[in-house]
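Read through the structures below before going on.
Across the two complexes that follow, chain A remains constant while its partner is chain B and subsequently chain C.
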Partner chain A sequence: MSHKRITYTVPRMGYTYAAFESFFQILGYDVIIPEPTNTETIKEGVSNSPEYMCFPFKILLGQFERVLEQNPDRYFKMVSLESYGPCRFGYYSPLYYKILKDKGFTNFEVVNVEGIYPPLYRGIPRFFKKLIKLTGWHTPWTVVKAFVIAGWKVYATEQLEKKLYYLIPREKVSGSTERIFNGAIEKIRHAPNKVKTIKKILNEELEKMDKNPHVERDDLPKIGLVGEAYILMDYGNNLDIEKKLAYMGVDVDRSLRVTNWTLDRLIKTKYHKAHMLEVNKGYLDFFIGGDGQESIMNTILYKKNGYDGVIQAQPFGCLPETAAKEILTKVSEDYDIPVLSLAFDEQTGEAGFVTRLEAFVDMIKSRRQIKADEKREESVTVKS
Partner chain B sequence: MSKQVALGIDVGSVTTKVIFVDEKDEIIEGLYIRTKGNPIDTIKAGMIEAYSVITSKFGDIEVTAVGTTGSGRQLAGVVVGADIIKNEISAHAYAAIHEVPDVSTIFEIGGQDSKIIFIRNGAVTDFAMNTVCAAGTGSFLDHQAERIGVDIEKFGDYSLRATNPVRIAGRCTVFAESDMIHKQQMGATSEDIIAGLSESLVRNYLNNLARGKELLPKFVFQGGVSENIGIVKAFENAVGSEVIVPKNNKLMGAWGVAMLAKREVEITGQRTNFKGFKVTELEHKTRVFYCDGCANNCEVYEVIENGETIAYWGDRCGKWSNRLTSKVRRTERADRRQSEEVNSEK
Partner chain C sequence: MKIGIPRALYFYVYYPMWYGFFSSLGHEIKLSVPTNKEIINLGVSHSVDDICISVKVFHGHVKYLLDKKDVDFVFVPRIASEEKYKYTCPKLAALPDLMKSAFVSDTNRILTATFYTRQGEKPIVKAFEEIERQLGDSDEKIKMAVKMGIRYQKLAVKSLRSGHTFLDVVKNIRDLDSLIKKPVQKQRYTVALAGFPYDVYDTFTNGDVISKLEDSGVGIVTTDMLDPKVYKHYSKYMIKDLFWYQANAAAKGGMYYIDSPDIDGVISISSFNCGISSIYQKLLDLYSKEIGKPVMHIIVDEQTGDAGLATRIEAFIDLIRVKRGDGLVAQTNNLHGTEDGVHVRSL
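Then we have the complex of A and B:
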């Protein structure tokens, strides 16, 4: 162990990075959040990864590398989320370690977080061992406090995000809600570490956004987003797909959020799995790694909740999502819900991407039109 | 009275289409030119040429609506002042439904994209577009024609003359090319290779885009590649039914967007945004720079007309693109959008 000051760096996940930052700050460490995905980080990541590796890995590698490069005088603990199972996600942290060591960096170690996996008598000790490796030794009270505050901050950012995407298609002056939202996110980020204050700030900001002049309407087309967690949750990776759809006048909902993802994976595992098996019956009833099973479940659930279309966002070459994509073709036929699969790769040209989104939204609108016409005809025939 | 026309511009990756339609939605003049490196100059050249042809035919004209589509639609829309900037899928579907009202499946292969559009009862119900792979698009055929030394226009005739088409891997252009070279060195004739290429292109297209979805007649095949009779025949063999190639197969996108623009102007009841044919004399420049306002490092594009910036795009936060549109105009636009939706619901 070097004498340099220990600093944590965590993957940037959309707007929720503020929560991870406060988590480690409460434990008394320095935190450096990587810059959002941009051409520079992608370039670094892509040039240093194996070509067939998942795109999220390349993004994260690029981000971490930039952090290490810019701060040679610190000792880093890089936090990596890990899953176990058949997909490549399980190999992320050893690969980071190898690649970065080969690049000549010495001032870092990789620590990873995992869920509690069965059998429980082995899973629980394993989880706590990893947790202690991650946080170091602290009084349990501090760790609990850090978890609670981080949880609240994640919750607050997600509530703000939901509000933002609800209001964008309804606002009178386009762009006005986003400005309030950006201020609100900053406030949450710098909020003092007390649950009460976070709650207060959240309520104030939500009210402020609500007061922004807008027209209430419930006839907007609804689109749900499913897909790989990291691509879906970070706006830098998916070219801001949610905001783009919202500005096109669509009610958009994202199926995976940090809160429900962690709850489902770490705490409610048993219930979550049983629920998934029930919904996915006949399509995919075993674990294929990543979020493949969730993608299918959420598509079906979206249909049942009256959504008009689903967009599947996947990193190019992601195994679970590629498998899910083929099954989704069948789901789409059986449940009569259009599904658009978008593969994200290192190309940042938005022209083709926006074309597909626009065409999808156009199509959804025309489908709604047809349904409305059919309903009207039916009611006419009943009357006559 | 001067003749009232609508202008449709489709700036594709390889070619640019400029067309004029009359009151009855018929194409009265259509141009098909290569985009080359500079789309703005191509559009201007196309407009000048089309304008001179059309004025010699009909005398004075008045442009009532302008629409742009294709991958360069944003740029074209800003430069000429478009009433509607529409994605090519909607534009293509609109034109195809206009031409063949009971169409169910549209195949469209252009320079860089290939798409399949499913229509039921005159409305788009599903579509698919090629993702990161460019196998089986016009650019690839173009490249191969050049390599074999056959004119791309004669490609179709060559494949019709083939007696024994060879099998070529169609998944990836790089492998397709090495496969073709291998077969050529083994002694296959150009005819057989070209026919094999057409077949593999269609096979790859149907595998990649249709992906087991139900293909119902009538089929319409449009886009630049539909000029190629060999590929049309390969499609007919694959789907086992007649494939209609509309008479304006290459201009469908521009035609569709011109009609959509007319409808848009009718609905909103506003005057067209068209800047007039004087835009061809103005000087347009584009500039790319990296914004250093935050860590996003967005690539921002700037369009300059006679020294004055007329558009920005590419920024994520709206710092640049919001600079030009004042609040008032933006509210107007939001209202307009609403009234349009209300109208279409009626």
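Then we have the complex of A and C:
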């Protein structure tokens, strides 16, 4: 162990960094959160990772490398939350370690936390060993408290986000809700570590956003977002797709959030799997890892809930999502719902991306118009 | 009945098993032709654009067989797992679903079963029973057929271990016993090919690396000739085993060949946009840096330019010669009569 000060660094994912930060602060460690994904981090990551590795890996490697470069006087524990499954996500931490060692960094270690995987007699001890390596020795009460506070912060940011994307297409002064939202996120981030205060701040901020002048309407086109979790949940990686769609006047919903992801994957696993198999019947009834099955399930569910279109966001060459993409073409035909697949990689230009989104939104609006006209004609004929 | 087997993906691993099974049931086997330009074009036009080339080629083979009207079923197995707790790539695990959504009008002609191999006989029997339900053969016949299938697979593995490539196995499938006895000629130089069997042996897609090497007097070995036991200890270097059997075999087999003194160099072959190979290629890169043995990566795609690949392989062979201290090309072998002995091979 080095004499340098131990600092934790975690992957930045959307607005949830606030939760991770307070988790480690409660345990009494320093935390450094990487900067949001930008050209610098992407450049750094791309130049050091294997060419066809998935885009999230490149981003994360870039983020970690920037953090190590900027703080040579600290000893880092890099937290990598991963799973062990058919997706490449399970092999991130050994590659971080090998690549960063090869680059000449010494002031770090990688702490990977993964689920329990078979054989169980090895899996369960391994899981607890990793957990202790992550948190260090603390009283169970502190660890539980840290988890609860982190969970509440994640929940609060998600509620705020939901409200934001609901209000943007309805607000009277463009950009006014976003300003309130940015302030609210900062407040949640720096909130004292008490559940009561977090709740209070959340309610206050939600009220403030609600009071922002807006027009209630329910005739907006609705688009659902499915795809790979990390691309979907981090606004830096998906070029702010949700905000862009919201400003185009679309009711946008994201299928994967940290809360429902944890609930489905870690707590209600059995129910989730059974539900998925039932919905996906005839399309994909086999576990392929990642979020491939979820993408197909959510597309079907969006159609059933009356959405007008679905956008699938995936990193270029993602293994489960490419498989899902091919099956989604059939789902799209069978269920009559437009699906746009967007692959993100280091060369994604913003202008071309916006054009594609606009074209998709226009198409959906005109489809709605056509359907509304047909309905009106039908009712006219019935009357005459 | 006539069963079509696409000559792609896991054909290059489990063909003997399927051959033994279907032929002892009395079904006729129709193999698709070896990959050619037309099949690649068929595959590219029937699949999504960012899937890997191996799966695209598989689409082409399936389409080729579905177009043949006398083929009753096209066999698209789902190889789910190849070792206990080791699975296959998501695209391969979803293969029958992919085929069904790509060829919507022919879904009932696709014969499929979920295989769990290298975990004893039970799961294999189960998989073949799944096929039986779709074909309608009797139980006793199936039992015999499964035994035959397993016997053929064992013989094939034996001949691979004795140094024959899988292409030889396919050629001599009727007489594997004599193939095992046939000795393999040893060349002065030996190059190891690391990669998934379907990338290494698909001679059209990978620009015929095997015969290019053999033409230049270089012997080859591949990673599927190795017994998994010999490279077990590399798990420690890899920190964590990869989740995919074939990727483990390629990575650890490659490392084993990097370490072994009678191998001159390692060429890893993978297909464009194959996500898994990006991991093992990086591992081989880092390992070869430590040991100091030449490693070359060839990534193939649907563009089939041959000249660039030939140049790269020639350069690699020259590198091996120089490392052995033989110089570029010995003057006695200098057929071209160039002064510096630069190896200019006419194609």
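Definition applied: the second predicted complex is superposed on the first by the 372 of 384 C-alpha atoms of A that agree within 3 Å, B and C clash if a C-alpha of one lies under 4 Å from a C-alpha of the other, contacts with A are read in each partner's own complex, and residues count from 1 in each chain.
Going forward, a contact is a pair of C-beta atoms (placed from the backbone, for glycine too) under 8 Å apart; a residue touches a chain by one contact, two chains touch by 3 or more.
Treat the numbers as computed from the prediction; the structure is a model and nothing was measured.
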Partner chain in contact with A:Ile370 - chain B first, chain C second, else both or neither: first
Chain B versus chain C as contact partner of A:Glu216, first or second or both or neither: neither
Which of chain B and chain C A:Ser174 touches, first, second, both or neither: first
Which of chain B and chain C A:Pro36 touches, first, second, both or neither: first
Partner chain in contact with A:Asp73 - chain B first, chain C second, else both or neither: neither
Chain B versus chain C as contact partner of A:Ala359, first or second or both or neither: first
Partner chain in contact with A:Ala343 - chain B first, chain C second, else both or neither: both
First, second, both or neither for A:Glu207, with chain B first and chain C second: neither
Touching partner for A:Gly236 - first (chain B), second (chain C), both, neither: first
Interface residues of chain A shared between complexes with chain B and chain C: 316, 326, 329, 343
Chain A residues touching chain C - in the complex, by the definition given at the top: 49-54, 84-88, 90-91, 93-95, 97-99, 102, 117-119, 283-290, 292, 316-320, 322-323, 325-327, 329-330, 343
Complex interface listing, chain A residues touching chain B: 35-36, 38-40, 171-175, 178, 182, 215, 219, 236, 240, 249, 316, 326, 329, 332-333, 338, 341-343, 345, 347-348, 350-352, 354-356, 358-360, 362-363, 366-367, 369-370, 372
Chain A partner contacts - residues on chain B that touch it in the complex: 71, 74, 86-90, 113, 121, 123-127, 129, 131-132, 211-213, 295-299, 314, 316-318, 322, 327, 330-331, 333-334, 337-338, 341, 344-345
Chain A contact footprint on chain C (complex, rising order): 47-48, 50-51, 78, 80, 85, 87-91, 93-94, 97-98, 100-102, 104, 114, 238-240, 242-244, 272-279, 281-283, 286, 289, 299
